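Both of the next two complexes hold chain A, though its partner changes from chain B to chain C.
For the complex of A and B:
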């Protein structure tokens, strides 16, 4: 018999996990919404962040939270180079080209990780993260709370950056009307480069969290990309805050599926939710219709 | 101020502009008239570098600008008010205007320009915070012109500012354009509304099927038989 507490427990973990899903998806959702590029290498940028935090911890004992900026910077740099060297050349051609090209970049990166760091699953284990926090009869780990707060903050600051800063607005208006942006003196090609690099940096930020909560491996990337894509479409393309809600729906749904059905149905739930929402609301939960 | 020589543009095999030459003198309003599909919009889009790879030469303030990127041309002091206003609909009037001055980092200058635009269109000042997607066509046109003015352009090119506006609003918009010229900004106007354009401009060109077929003082063009028959319906 499943107790009342178990249900509350799985809903709560689902909510917290959902917040992390939002961060894992943030870079992809941002790049897709702003540039209409489905970045298939998104997961690999994220995994890179995870590896960086792992090695910083193992080699020099760096606190994974301190590794976050380094992870974001290096993943952002990789993203910058990918755009500068490859994607820029086909930016104005059909959208399918960027999909194929970023997919190729992803394959290259995951094989590079395999060569550099072997196929072993790397988990970033930090003891304090396992510390339990009791809320009535419910237990959650400190790590779940910390990662949730980081994810939430990342979404919040990205939203603020796009709404309030001049550079953020330049990114938005270039997405809305490229010609009008250029006519206002904005270097739209530089905006593209910046947006894609920010997308990579946001992915890199998610890597250490993924490594702390589970693990990273060379082929984790594609799995993350798919999940990020599902969430982006669920939230509605262009809706950054919607990612949190969509992430929590997915998180809670998965947790309840594990509790009531079986953990082998966990992934199935996400895809089912994806299809159902798309049937009911083709533009996603918070997307604009039409 | 602006001199175009032998400008030709093709879309694939279709030649849209064929050896266009004209010039815009500083301190005045020049207009280019012509029917739908004559290539007027294409002309402005190639001058501003939105359509790259054109044949011919374009001088702006004694500099060759063909082949430059749009933002570089804008930085030299040229701007274009595009056909159909092209505002950033989810942003407010004030945000649209401020972003028009993207290249100006001195906030004092931005404020000065902003108050000048609000003086020109007092109507906009009352509703700074309103999102541009919810404005009427006339208001949108005013924001679009204002956004162009924010960068303190030396030359402002306007693509059909009267399009889709009620006659009363057209008059209001053109009164503002005349004030802009008086304040020292040179204007190149592209219009289908021949009557309004010729009464506001000093000099005019007529563009038909991708070529300049006629030019002259606005007053003389108004009296021309071809213009009267084809454009003014007299």
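For the complex of A and C:
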């Protein structure tokens, strides 16, 4: 018999996990919303961030939270280089070309990780993460709370950046009408490069969190990309705050699937939800219709 | 100075040259079993690449998850033989229809939307099918995999016996025959009215719909044919290697390599992908693996990126004319 507490417990962990899903998807959703490019290498940028935090901890004992900026910077740099070397050159051709191109970059990166760091699952373990926090009869680990706060902050600051800063506004205008943006003096090529690099940096930020909560491996990347895409569609393309809600829906759904069905069918929930959304409301929960 | 400026051949000539090469290759390799086994896989990949490219090159729908159909065919056929005692040849055909069913399940929702939605939905689909294969242990034996999958039964033609259990050569030629059959299906389909509809959808969906092409139905039909052929090759693979696990049957390579092969050989041609498959298998086996033993596939990532940026028509795209 599944107790009342167990259900509350799994809903709560689902909500917290869902906040992290929002961060894991943020880079992909941002780049897709602004540039209409699905970055198939998104998951690999994220995994890179995870590996960086892992090696900083193992080699020099660096606190994974201190590794966050380094991870974001290096993943952002990799993303910057990918854009300058390859994507920039075919930006104006068929949409499917950029899809295949970023897919290729992803294959390159994941096999590079495999070659350099083997197929082992790398988990970033820190003691304080395991510290329990009791709320009534419910137990949550400190790590779950800390990562949730970081994820939430990242989504919030990206939203603020897009709404309040001049650069953010330039990025949004370029997404709405490229030609008008160019005419009003915005350097749209620079905006593209910036947006893609920010997307990579955001992915890099998610990596250490993923490593702390579960693990990273060369195979994790593609899996994350699929999940990020599902969430982006669920939230509605272009809706950054919608990611939090969509992430939480997915998180809770997965947690309840684990509680009531079996942990092996956890991943099935997201995909089923995705197919239902595609059929019933392809513009997503918070996207504009049509 | 591109390759295409130097020599130009027609699609038909290219196909004759390719299959001629495939026919004599075992003689050149003096029937060395090790090399034959490499090229059997190359032919399976070639046939899957032809099917992938029917969908992507002809109809314009890129799939990142053809491993789903390959695995469905492989498991479908093996289970029919192992658990229901079917004849492997009949099981292969029915397993190919399982692939068609998979195509309907994923194509129906995913083709309502355009472009990248399909590519990614099918990637998710491939993950889910693999997950189900891992977890429906009562049917698939889960991660343990399927052992002792019977080889195709020997065929007697007059006094000649084609044995598929021991002989690599007969398996090689059967793979070649399947690749030829798939090529012919694709060739005639491309030159039918349906083929015209496919290329209209590729060109511009709205215009195609405007002149009365049933866009959704055309895309779904193309996916069904592509899935049938891919699942058929998956089934052949199962009876050739005798062992399946979710990791081998649904290996991401069966999704990735057809893309690399098709781009390399030329997505605008029909025969190009199979040439690409033979070439990249050779490159992988004799060059890439010498550099990096575990991460050798990183070269395919570079290849994919370089081809799409600098020669999007592929290595032979300009050399092979349509007519």
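For this structure, a couple of remarks:
The rule is short, and it goes like this: the second predicted complex is superposed on the first by the 290 of 290 C-alpha atoms of A that agree within 3 Å, B and C clash if a C-alpha of one lies under 4 Å from a C-alpha of the other, contacts with A are read in each partner's own complex, and residues count from 1 in each chain.
Convention: a residue touches a chain if its C-beta (ideal position, glycine included) is under 8 Å from a C-beta of that chain, and two chains touch if they have at least 3 such contacts.
Since the structure is predicted, the reported quantities are computational estimates derived from the model, not experimental observations.
Superposition of the two structures on chain A leaves chain B and chain C fitting side by side, clash-free. Between the Cα centres of chain B and chain C, as seen from that of chain A, there is an angle of 90°, stated in steps of 10.
By the document's definition of touching, neither partner reaches A:156: not chain B, not chain C. Between chain B and chain C, it is C that contacts the larger number of residues in chain A.
Legend: residue contacts after superposition of the two complexes on their common chain; A:177 is shown touching chain B, with no touch to chain C. When the two complexes are overlaid on their common chain A, residue A:86 makes contact with chain C while staying clear of chain B. Once the two complexes are laid over each other on the shared chain, residue contacts for A:97 go to chain C alone; chain B is not touched.
In the superposition on chain A, A:188 makes contact with chain B only, while chain C stays out of contact range.
Look at A:278: by the touch rule set out above, it reaches chain C but stays clear of chain B.
By the touch criterion stated above, A:38 is placed in contact with chain C alone, chain B being left untouched.
For the overlaid pair of complexes, the smallest distance between C-alpha atoms of chain B and those of chain C rounds to 16 Å. Of the residues of chain A, not a single one touches chain B in one of the two structures and chain C in the other. For chain A in complex with chain B, the residues that touch the partner chain are 166, 169-170, 172-173, 176-177, 179-180, 182-189. Every residue of chain A that touches chain C in the complex is listed here, in rising order: 38, 40, 86, 89-90, 93, 95-97, 99-101, 103-109, 111-116, 118-119, 222-223, 226, 229-230, 233, 262, 264-265, 267-268, 271, 274-275, 278-279, 282.
Contact residues of chain C toward chain A in the complex are 60, 62, 64, 109-110, 112-113, 115-117, 119-121, 123-125, 127-128, 131-132, 134-135, 252, 256, 259, 263, 292, 294-298, 300-305, 308-309, 312. Taken together, the chain B residues at the contact with chain A in this complex read 48-50, 69-71, 74-75, 79-80, 82, 86-91, 95, 99-103, 147-148, 150-151.
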